[in-house]
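Letters are used for the chains, namely A, B, C and D, taken in the order the chains are written, and counting of residues starts over at 1 for each.
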Amino acid sequence: MSAAAPAFLEVSDLRIGFPGRAGDVPVVHGVDFALSAGETLALVGESGSGKSLTALSLIDLLPGGARRLGGRIRIGENQLDTLSSNAIRKIRGGEIAMIFQDPLSALNPAFTVGRQLTDAIRSHHPLSRGAAAKRAEELLDLVGIPSPKARLHSFPHEMSGGQRQRVAIALALASGPKLLIADEPTTALDVTVQAQIMALLARLRQELGLAILLISHNLDLVAEICHRVAVMYAGRIVETNTVEEIFRRPQHPYTRMLLDCIPRLDDRPGPLATIPGEPPLFGKLPSGCPFRPRCPAAHERCLAMPPAFPQEAGQAACWLAA
Amino acid sequence: MNRLVRAFGGPTGLIGGAIVVLVIAMALLAPAISPFDPDAVALDRQLTPPDLLHWFGTDQSGRDILSRVIWGARPSLEIGIGSVLVSILFGLPLGLVAGFNQGSWVEQVIMRTLDAVAAIPTLIWAIAVVGILGVGVSQLGPLAIGNQTKVTILLGLLYIPGLARIIYVATLVEAQADYVAARRLQGVPGWKILFSDVLPNTLSPVIVHATLQIAVGIILEAAISFVGLGVQPPAASWGNMLAASRNFVFSGEWWLSVFPGLFISITVIGFNLMGDGIRDVLDPRRKLTMAPA
Amino acid sequence: MSGFVITRRMLMQVAATLPAAGLLTGFDDTAWAQSSGKTLTLAIPNSPNTLDPINAVLQDPMVINQCIFENLVEYDVDGVLRPQLARALPEISADKLTYTFDLRDDVQFQNGQPMTSEDVKYSFESMLDKKRNAARRVIFEKIARVETDGPHRVHVILSEPYAPWLNFLTKYMGIWPAGSRERYGDDYFKMKPVGIGTGPGIFEEWRPNQSVTLKRNPNYWDKSLPKWERLVVKFVPEDATRTAYLLARQADIIGAPAPRDFASLSKRSGLAGEVRSTFGGWSTLMMNNAKPPFDDINVRRAVNWAIDRQKLAQYAFFGMVDPCTLPAPRQAWWYDAEADGSIGYDPEKAKGFLAQSKHATDAAFEMTLPATPYLLDLKDAAVAIQSQLQAVGIRCTLKMTEPLVALGQAKKGELQALLMNLTSPGEPTYLLGQNFTENQPYSKVSGYAAPEIADLLKQAYAENDQAALKPIYAKILKKIADDCPYAWLGFLNAANLWRGNVTDFRVNQGITMDVRSVGLKA
Amino acid sequence: MLGFFLHRLGFSILAVLMISLILFVLTAAIPESPARIVLGADAPEVQVQQFEHEHGLDRPLLVRYGEWVDRLALHGDFGTSVVTGLGMNEQIAETLPVTLELVIVAFVFAVVLSIALGTASAVFENSWIDHASRIFTVIGVSVPGFWTALILILFFAIRIPIFPPGGITPVSEGLGPHIMSLVLPAFCLGIFYTAVLSRMTRSSLIEVLGQDYIRTARATGLPRSLVLRYALKNAMVPVVTVTSMSFGYMFGWALIIETVFNIAGMSGSLLNAISQRDYATVRAVVFVFTLIFLLANLAADLLNAWLNPRLRTVQA
């Protein structure tokens, strides 16, 4: 990690759990990472790895029942865990914003795009309706929506998928956030549109100096715009490194297998590689290394927990990498 | 026990089911369990407050209110359940045929007609039509139709649109399922697919709707009897017992109005809880079925 | 929010009255109270079908047309005949055919036009006009003609002696200006008879099924009356609700109070009540003698002996009916103890009669009764009768029908039995004639017509003297007791409840309320 | 939007025509001639025929139906009751406002309370307020309003006389007494629908609150109240249909409640007409109720189109 600039976001020992019959069932087991302005970090993992929960916990939007069991989250000057929910609301959308997977369901079907944008803008800035509408128009322009003024009066269902995701991004930018969390922002889109959206995110990062936390299961996509990658498995970060290093020298067997799953143009035709087995269920982790049951390189040592979780680039939570 | 709870969609559903079973048992066993003849007049025992002999007291004719409440369950349930059966008898084929012939004129004719009939406010029409036909026995050709039958059929007819629409929607979904297309490709005739494949899959929402509709029907029966157009005295029904109790509100004979009302309420709560429970089991997505009337 | 403020205030008022209160207290200072000042408000069960006295059917709303229209003579609340628009009771010629009335000369119609003998002559002639088909024409049919004798004297000439006609005037007749029916049309009399009566109240407004309002007639001939500025007659069919109106001061006087509540309410402070026996209200089971099982006299006798009238009066009517076995109430001058005692309650005797009949094993019938109460609710009585008949082996099913419908069917002779309250103008001939002589409105209901009764009635029509009439009636009652065409339960009592500030009100033996001289204390 | 409106309006007009025909046949094709009702059962046949001719009762049913529709549609005139001789328009004008006021008060009460209850229940799902309101809704949909009315009269009008036990005190007697007299009837009429609607609001809102766009709204940092408004507008889509139908249905229950409280509204007109076998009035009253019901449904369609913009384009 480039230690020069102080990180804008710093997460340490973040633990998240669901309430169960016999106390809380932890699903995120102490996650640490940091992110600076203008930087893009990808959290990569299969569904159920805890990457989305980690992201949601940053803006205090954990779904039904889930709650933070411990750890610290610092955003800019603010220590999130010490703030009231009202103060968090100000930070949410103010300092951090988030875009989601399905742009259709992420936009309110009952309100026009303009209304949703101006409401968001006015929730953070004391602007008149007119001024907010002007700002909304600028935002739509910024995210590359043609004839933005007219589009203010459109309803989400009147737009294409790509346009909706652009609107969602505009909505996220409405308050001028410093950190943008993008949770699988392109999964629901056509392949051609996916690239456009990723390009847009890259451009915004540059133009606005945004820090972007990209949540994805798709390493390929990550390679296009990210600086660093953190690979999550079963509620833990198992490996962190720069994109280049991850692709060049994956340390963790899981990372390696993820990379094998990416289809390549230069590949010989043949069946795509898949990762055998299923990720472990919440609360039912195997003893020792959680990846042990699916790991092709597992041996006796793996019955014990790997010695360290990666605190620094290039480390991996694996006996093999230690 | 746990399985029983689950079958009723949770403890409240089970409570509802238990109430319904008890009320139906009470109605069926009325001759055995009612302590007195419900119609036995004993003028010198009139308006006795509840005591050890008459647990719910007696009415203005000295009739035992507990016995009348027990017997009064019969017309309530008969009308409540009977009207739903009538609506299923007509609504089921209509909804199935309309849903299975999506896009054809058959669907249009059936559904538009039902939509129009759905615009008939149930209670007002029930009251008006019974009022017009009269509360006496009506002669329809060779058939003599008593007032209770009249009310049952009438309510049943008025329920048809609601029920048919539910079946229609369920059929639409089923008819578009891949397996139906597959069966068609196999050359299975349409009616056969309709009855052997589609029908069983539409029954869940029907059962839920029917249970909740019975609850509504019991209240409607009471209301119609309350204005004197339903079950005719001296036969006991919860509705006409309430109607008669109105004359004793001022003089303070509370037991005349309290007990029949309580039994209506508990029975209807039973059917509602049971319906909710069954829905949770059979049809968990449709959380919004609710039959107002 | 103002509703909430009021609630609190009222709660405090209620709290203040609570210590003294059991049931039914605390009404005295409540803010929704309505009747005040000079508006007299009545609550009665039935809406009128018309305001035209010659077609009016129901007794209780007649209070309205009796305040609008008046007659030569009237039956007062005690059942005594007294002059109204005439100066005195008529002079009757020796042949009992000519009645001569001297009219008051100070009477004006409500439109200011003075009343003369021409108006009286016109009134009778228009009522008797066959084309008009007045419901009450039948009972005045024996009037041959009316002759004027100067502006203030009329002679009414009968075709045969018929004394009762005077008694029928109050309920079924009125005096209106000459030519008025042609000028305004009959619907005007029916719907909004403004200016055409001589009474103390001028028609103001009719809100269907709700109320009729009359305003004070400033030119009323009795200058001391009326004491009210407005008379509002509300139609409130439910017994309990009428009581509620009285308690909530939404009515000053109510008719037909709920029998069950009457005793306790009339003793309440701030309220008053009275029950009086009437001479004209039959509560009776009308049996169709032409249809089985009542085609056998022994079944009719069995029914008569099976009914426990005392018990019915006490438990089903709560004292609102005076039990009697024949159409003669105990208090009436034509009561005959011997005839009355010849029928009684004895189930064994009833069984005996039934056993002698041809329907000994299959005596069953359908009893029709009014679905909405007329004068007094009969449903509970019907249920009790049903069980009393059951006890002697006569099966009976109950069928509820609207009163007018039931009467219509009964008059066609279609019903087996009808349990009904019938009313008449407080004298015996009217109902007897209508029910038990040929070609009368009710003769098909019973299917029983005894020539002997017709003859006796004819004798009675020719008599004006009670002493002379009594033996005639004794014979009639004897005949009825022998033949048992109906089973009488008793005579209806008239009862009212009123608020303490009502003055000069008395319960009318003629059932219909008389409020012409009633006032209100401030 | 206009297309959608015309489509719904067209359907409503068709429905009115169809229902009115059923209604007319039901009320006009009764075997007993109104002439017999008016003139009495023993009136001579000649007189009956004359009466029928005078009132046009001897013409074919369809002709009479056409005439009835024509007079109603072009002049808004229900005509005069043959039986009572009273104009039906006046009678309706007299009684409808009473019923309308009762229903509207009860409706507003039910809608406001149910949205509040349903929202509280959904927002604080599984809290004590949710449990309490769910118990209330089950009881509310099960206990017949007219029984509640009897019990409330017994306790709050007679034992503790806070409210008048019957009738609506006219406004001329003061606004306070007028409002007091509306409390019990409106409560008894509204409580069932409060339960139905709050239950629907709750489940619909819970569903909506779980939607992605609500997460978005919260992620963009909208204030709680605004998030709730975003959710409610969507949650109301299914509720509105039932709400408006409830408005129509309430008129039916208003009949019963009016009977209990002896309120001189439309119920009196209908029940009296039934007992007098005045079928023309029955027809007029039922038609008015049906029309209100249809209008309420039409209003629901329009309101839904506003709440749910997708409907406007899809169905037009």
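Here is the rule we go by: contacts are C-beta pairs under 8 Å (C-beta built on N, C-alpha and C of every residue); 3 or more make two chains touch, one makes a residue touch a chain.
Only a predicted model underlies this, so the values are computations on that prediction, with no experimental measurement involved.
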Partner chains shared by subunit A and subunit B (touch criterion as defined above): D
When you check each chain against subunit B and subunit C, which touch both of them? D
Name the two chains that are joined by the greatest number of C-beta pairs in contact. B-D
Computed distance of Cα centres, subunit D from subunit C, in Å: 39
Just how far, in Å, is the C-alpha centre of subunit C from the one of subunit A? 90
From the mean C-alpha coordinate of subunit A to that of subunit D, what's the distance rounded to whole Å? 52
For subunit B and subunit D, let me know how many angstrom lie between their CA-based centres, rounded off. 22
Residues of subunit B that contact two or more other chains, please. 246, 249-250, 252
For subunit D, residues that touch 2 or more chains besides their own: 153, 158, 259
Give every residue of subunit D touching subunit A within the complex, in rising order. 210-224, 226, 230, 233-234, 237, 307-310, 313
Per the touch rule above, subunit A residues touching subunit D in the complex are 59, 61, 64, 89-94, 97-98, 100-102, 105-111, 116, 119-120, 123-124, 155, 157-158, 168, 171-172, 174-175
Which subunit D residues qualify as touching subunit C in the complex? 36-37, 39-42, 47, 84-86, 90-91, 94-95, 153, 157-162, 164-167, 169, 173-177, 179-181, 183, 259, 261-262, 264, 268-269, 272, 275-277
Within the complex, which stretch of subunit D touches subunit B? 11-12, 14-15, 18-19, 26-27, 30, 138-139, 141-144, 146-147, 150-151, 153-154, 158, 192-193, 196, 199-200, 203-204, 207, 238, 242, 245-246, 248-249, 251-253, 255-256, 259-260, 270-271, 274, 279, 282, 285-286, 289-290, 293-294, 297
Taking the complex as given, what residues does subunit C use to touch subunit B? 23-24, 238-240, 243-244, 258, 260-261, 264-265, 311-312, 314-316, 371-372, 377, 379-380, 382-384, 386-388, 398-401
